[in-house]
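Two complexes follow with chain A in common, the first pairing it with chain B and the second with chain C.
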Partner chain A sequence: MRPEQQVIEMVVLVSVGRHPITGRARRSDQDARGLELALGLEQQLPGSWISLLHAGPRSEASESALRGYLGMAAGAGMASGADQGLQSLMLLEQPEGADAISALAEHLAEAMPQLVITGTRAERGEGSGLLPYALAERLGWPLVNGLAAVEKVENGMATLLQALPRGQRRRLQVRLPAIISVDAAAPAARQSAFGPARRGKLEATPVAAELDQELTEWQMTPARKRPKRLKIIKAASARDRFKAAAAKAEGGSGQVLEGVSSEQGADAIFTLLNEEGVLRR
Partner chain B sequence: MSEMCRRDPRREWIARNRLHPEHSSVLATLGSIGGGAASEWPGPNGVLRRNPHGMGFIGPNGIKRIDRSGAQQGGQVPGRGRQAALATRRRVEIPEPAFLVVVVPERVGGRLSSHDKDLLGLARRLADADPERPGAVLAVVFGEHKEERLGEAGIDRLLHLRDDAYNGFAPEPRLAALTAVERELAPRHWLLPDSPLGGADLGRRLAVRLGERPATGVWQIEADVEAPLGWRCTTRGAAESLDIRRPLPRVALALAECAEPVDETRHAAEPLALAIEPPVTLSRIEDLGQVAVDPAGVALAEAEFILSAGNGVKDWEGFHHAARVLGATEGASRVAVDDGYMARDRQVGASGTWVTARVYLAVGISGAIQHLQGIQSCDKVVAINLDPGCDMIKRADLAVIGEAAEILAALVAKVEQQRGGQRDAA
Partner chain C sequence: MLETLLPILIFAALGLAVIGAWRRIRLWRQGRSSSVPLLKGLAALPRRYLVDLHHVVGRDKAISHTHVATAGGFVAAAVLMILVHGLGLGASEGLGRMLGWPLLAASATMFVGSLFVARRRRHPPARLSKGPWMRLPKSLMAFSLGVFLITLPTVGVLPAGFLEGSGSWILALVLAAVVAWGLGEMVVGMTWGGPMKHAFAGALHLAFHRRAERFSTKQGGAGRSTGLKALDLKDETAPLGVETPADFTWNQLLGFDACVQCGRCEAVCPAFAAGQPLNPKKLIQDMVVGLAGGSDAKYAGTPHPSQGLGGKPVGEHHGGPHGPIVAREGTALVDAETLWSCTTCRACVEECPMMIEHVDAIVDMRRHLTLERGETPNKAPEVLDNLIATDNPGGFAPGARMHWAADLNLPLIADLQQVDVLLWLGDGAFDMRNQRTLRALVKVLRAAEVDFAVLGSEERDSGDVARRLGDEATFQSLARRNIATLNQYRFQQIVTCDPHSFHVLGNEYGAFYPQGQGGHYRVSHHSTFIAELYDAGRLTFSPWEGGSVTYHDPCYLGRYNGEYEAPRRVLEALGIRLNEMERSGFRSRCCGGGGGAPITDIPGERRIPDMRMNDIEETGAELVAVGCPQCTAMLEGVVDKTAEVRDIAELVADALVTPPARPRRGEHRSPDARTDEVVS
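The block that comes next holds the complex of A and B.
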């Protein structure tokens, strides 16, 4: 181990989630994964500190949901002996329906953390997933989405693993300060402990709020099931329609190599695999 | 020219009129065009005579088929039906579009995905709403592309940006290119797929850069004269639990199945170039390339490349070795699992996993219908089998008839040789 430890300051943006079945307020799944990622990073780099930040109204339901995050961080600060940050959550108090972006951007510009971790989408309201992008544009910081892990932080550069579809991973290097957003590929969040959640403090600061006018003009209804796409068969004759309905899956123009040596056959397969780019070099 | 079917109304009329003096000779020539000898003709006493041997045609499997619906006459050349389907597409050219609809397809593996095609269908709806003043659909494509049928997907103009800077995860150069498009062409609509691979990320970056509030998760649009752009959209919000109806903004990120893909028209896909090349920006995010992931650890349902074994595999050691060398996830048919050669969670098919691989290499699998159902959404299927008549061969894009173990061994040798060569060169 090197004598001088890299220490970084992280802010985890947390939101009030919504249980998918009961609809009750809870800690948001993606934000909790973000906090889990931050806690993992704190163990990697002892002495780093994490602060939790939320902008929104303060009510009984949202408070209990936000305390869920504090319960996750129980005991996490003890390893380094640091006693700040983890026992409290910064709450930028705003009325319901206010625009959180400007309040968060102002706070972050002041605090200047090296790493801002957020979930990809909120579980309430519009849920457009635009917030990290808007913050990155305001602050002029780079943004990386869909993170699976932070590998290391060195000399103001972070090496990250980005999750791709199909279980693939991509390694990226980004200059700090940066915003990273996590989705379902990030490590699953730990349980929230009740006692520390109760003991944690919410430091509420009222901030100026501008109402999101556009949002109030939209019609919002509970999601209805999307219609299933019908297989539309455009055929001139009954025979064609029957054939289309009864057809097995066919590969169109399949090429069949018969009576070739195994080398020639392997050659053809090799060319196809190369064209598709599935063979790793 | 020989493909074109020419009709001779006079001859047809003679063929219908059995009292015509040239009737039988015309019938004979017509019959020879159709399929061998004439199968029906009037006898000397006016009685209809039939030759049952002259009827029908020889099917693809060498069996005689008689089709009484009259739709199919004579042995059909394979692939003709598809060509005819292409020829029937109406050709559409829009020389002077009233406005532009820009689509940035995600293109998995260099080809348009079904999501892209749906999105292009949506773009066509926006562009063709007013037949008097049609808009053009411009597709912006980064890096290499392998898709040949861009016009049939509904693309009028194609902006192909080939620079190496756009490869991999390069949101900042791509964003710079799209802002250059915005500055130069000022499109009315921007459409991107709301999919994790590219579209969702790039679309949000673009919207924020343009200062627009995008609609995300759009799944339906309808015309509305009161909205600023003449459209309303329905989007999914709040973790899929809310439907939001709102006017369609300039930037929209649409979900899969947001519209029907184009299937009646063929468009020009004319190449287009920007007058001013987009500036090369210094990216703050560096892509260090993909990380080798253990293919055995990838879930079968989301594996990209599957090597699947069936009853025809005898050399299991060789099969596992091949999967390791090729870097493929292993799958199996039900028989191989039942016989205990593979684990149950590796079973592909109706009672196992429905896979979505881009390339599916089936070794010694004859293709039971349950198995074929499981690989329905695979892009390319390669089959190695001894039996040239099995169903898997019919489904496969490339089929090699031969001994599975030998072909796999040759393939493994080839891949190892290529890798070895590269290491030497480096």
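The block that comes next holds the complex of A and C.
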């Protein structure tokens, strides 16, 4: 035991997920991983406090999905503190279509947690993945995305392990408070148990609804499957095919633009998209 | 001198026994309440003992006769002894003889019985517990011999003054000591613990059994247990499953206490044979330890198997009535993997002469682990999540349930609203192996011109796996939604080729029907239905030309539902002479696929399906007929298997002979269903 035993306060932002096949409401995969990360951290730093935060409308389907997060409080080897924190979920109640960002930002600015953990992208609604960035901008806190692990928290600094493609990891140090977002590289979420999920409380606070004007003008249609670039492999032998499958995607023709104006950069991107046939005229 | 000593001894023993009984009853009453008709149960006790219990005990004739002699002799001797020596009726000339001779006969019978008990204990089989049980034959002999000898003067074989001579007080004391020993074991030990505890607890357990419907009645009665007890999920204060021994109902605790440690369960348990960490006998003894509090150090039987250790060491596990059964960290009474090793095959329940319900207790404990702790092992959380999100364990799109039958034009019950037979597909509809069985079954139904339909994508998983994994919430959700679907349509019966669905639909859904609504249909396994079709002359088979065949009884068809005959009748109708395995019928060995065991996948030294395939190999059969998608999958998964695995439906479909054209029934209902299309 080090003398300066750290205790931190974490807020996990949780959303109502959507099962990819049936579309049923569930705990969102990434947000659940975020909570798993927080629970792991709580074990590292006993006495730390986790609270769950959700902004959105309250309905039967969303409630059962949100209770899925509360059900994760039961896992093995839980230190005593965490399940106290997980006995309730703070619900900032808003009507459908209201902008969650300002409500969340206001709440976080007031609560002042040291660490805000969120999934990278919501499973329903806009799902643009912009929320962590917008929050970070509003609060003026640093944001680290694609987190794999929090290694340690010491003297207001957190050592983080960020996941990069192909299993690479990057160690970062960030000053708290900070926002971190997790994706599929974070540890998988534990099972959600029925009992604690049922017992948990949803503490609903109505907040001022700020209707997302832009969103109301949008037209929602089911997503089409994105076309995937075909990887044509001309290989004579199994060995070649294996090598081609295992090989790194080669950039080759890429170029690095440095010290260019934003117009020049945009122009370069536009040209590339045209060349690749991504943009249709 | 004995005249004064004996009544004191006898009534002291009886008094101690009453105190012991009160203490024991207090231990049981730590459990949760359970409404049992007390007087009705006590009234049913003689029949349950003499018919149902002896039906199980009688499978081993030698021990059955031994028990009849010993126990019968003891009961008679004890009653007569109280009259003759306790109340002093033996002193009167006439009564003394009238009661004395029967007492001599009873104690002699008991002595003969105890000789056989002693012989069995000379080289006891591994399944028997040792420890205090080894002294039981001696105690039996002490009691019977002691009573016999003290009764000799009563009937006048020995002169009444024989024991009153000047030097013979030593002999009297010795006799009194022997009788005291016998009384101590047989009367005091009955309620204070020791081998004879089983008589007291066992009798009450029979009377107050948690599942009274498993006993036969004078009217016949199935004499068979059915489903698990439902959890009340609406009451938020009701505990979810069993965390501590005191969370069991009192009659469950009583049942555990009745165990005689004969190890018949151990001998038939597939998980134990596979070296997985479960010995049903030890599990029940663990519960007894928990009931009274303490550690399992005194356990004198085979422990739970353990890889590489030759068994988990005893003495490390401990607990009390209000402590956890499975520890969150470290050890408590039982390790979690012991509970997850069970395949719910109920072989132990079938064999238990004390009618203990091991499987229900295991599921009760699993419920706590799943619903309260979220500690379902290995792939089980994923399967449960799939069941919640997609209504099938594989996580397939519900709309894909009928893809296997894209070319079959199966009539949907949603279009017809009313049919004779609803064909329940089960989750095998997503499994390519089972799809062959389903197609064969459709071919058979069409050949017999059965008016049938399917639910199509309206069907959901029956909830069997969720329930056995302890997720009662998901089970009840699936059951309620399935029932709502079934209630929309009208049909005479459900036919399914999945014994698990069959069992759940037939025996476990009843508790979830909204009151007074529905459930008025029969559920049949496809083998039963095919047998009926054949008996009605609606199917004609070509003679069997294949090789030797054996049949594997699925647990959920056989032991759970007592259907051993129909599959054999179908196979006989096909012209197959079965080459039965040694373990078939009610002794059939599980394939290892039940109770979510393939999902929780607790490691052992062997695989259960491999052992079953060895059983099959021993018969020399080239083909094993099965009647369950789980069994098919488990047995087909055996590496280097010696026999081909085929479902009964497939064998029937292959043997079908198209009868001369008859007017087709029900053709107007689905004009585009071409029944003559070859399906397999």
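Everything that follows uses one rule, which is that the second predicted complex is superposed on the first by the 213 of 281 C-alpha atoms of A that agree within 3 Å, B and C clash if a C-alpha of one lies under 4 Å from a C-alpha of the other, contacts with A are read in each partner's own complex, and residues count from 1 in each chain.
As a working rule, contacts are C-beta pairs under 8 Å (C-beta built on N, C-alpha and C of every residue); 3 or more make two chains touch, one makes a residue touch a chain.
Everything numeric here is computed off the predicted structure, so don't read it as measured data.
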Exercise. Does the superposition put A:259 against chain B (first), chain C (second), both, or neither?
Worked result: first
Exercise. When the two structures are overlaid on chain A, which partner does A:190 contact: first (chain B), second (chain C), both, or neither?
Worked result: second
Exercise. Touching A:24 in the superposition: chain B (first), chain C (second), both, neither?
Worked result: second
For this session: Have a look at where A:220 lands relative to chain B and chain C in the superposition and call it first, second, both or neither.
Result: first
Problem set entry | Touching partner for A:96 - first (chain B), second (chain C), both, neither | neither
Exercise. Between chain B and chain C, which makes contact with more of the residues in chain A?
Worked result: B
For this session: Determine, under the contact definition given at the top, whether A:198 touches first (chain B), second (chain C), both, or neither.
Result: second
Exercise. Touching A:170 in the superposition: chain B (first), chain C (second), both, neither?
Worked result: first
Problem set entry | Interface residues, chain C side, partner chain A - complex | 236, 240, 328-329, 370-376, 381, 384-385, 388-391, 395-398, 471, 473
Exercise. Which of the residues in chain B come into contact with chain A in the complex?
Worked result: 69, 71, 79, 82, 109-110, 146, 168-169, 171-172, 196-197, 200-201, 204-205, 207-209, 213-214, 216-217, 219, 236-246, 257, 260, 263, 284-293, 297-299, 302-305, 326-328, 358-359, 361, 369, 372-373, 376, 379-382, 384, 388, 391, 393-403, 406-411, 413-415, 419, 422
Exercise. Can you list the chain A residues touching chain B in their complex?
Worked result: 17-18, 20, 23, 121-130, 133-134, 136-137, 142-146, 159, 161-162, 164-175, 178, 183, 214, 217-224, 226, 229, 232, 234, 237-240, 248-260, 262-263, 265-270, 272-273, 275-281
For this session: Sort out for me which residues of chain A touch chain C in the complex.
Result: 19, 21-22, 24, 26, 71-72, 74-78, 190-196, 198-199
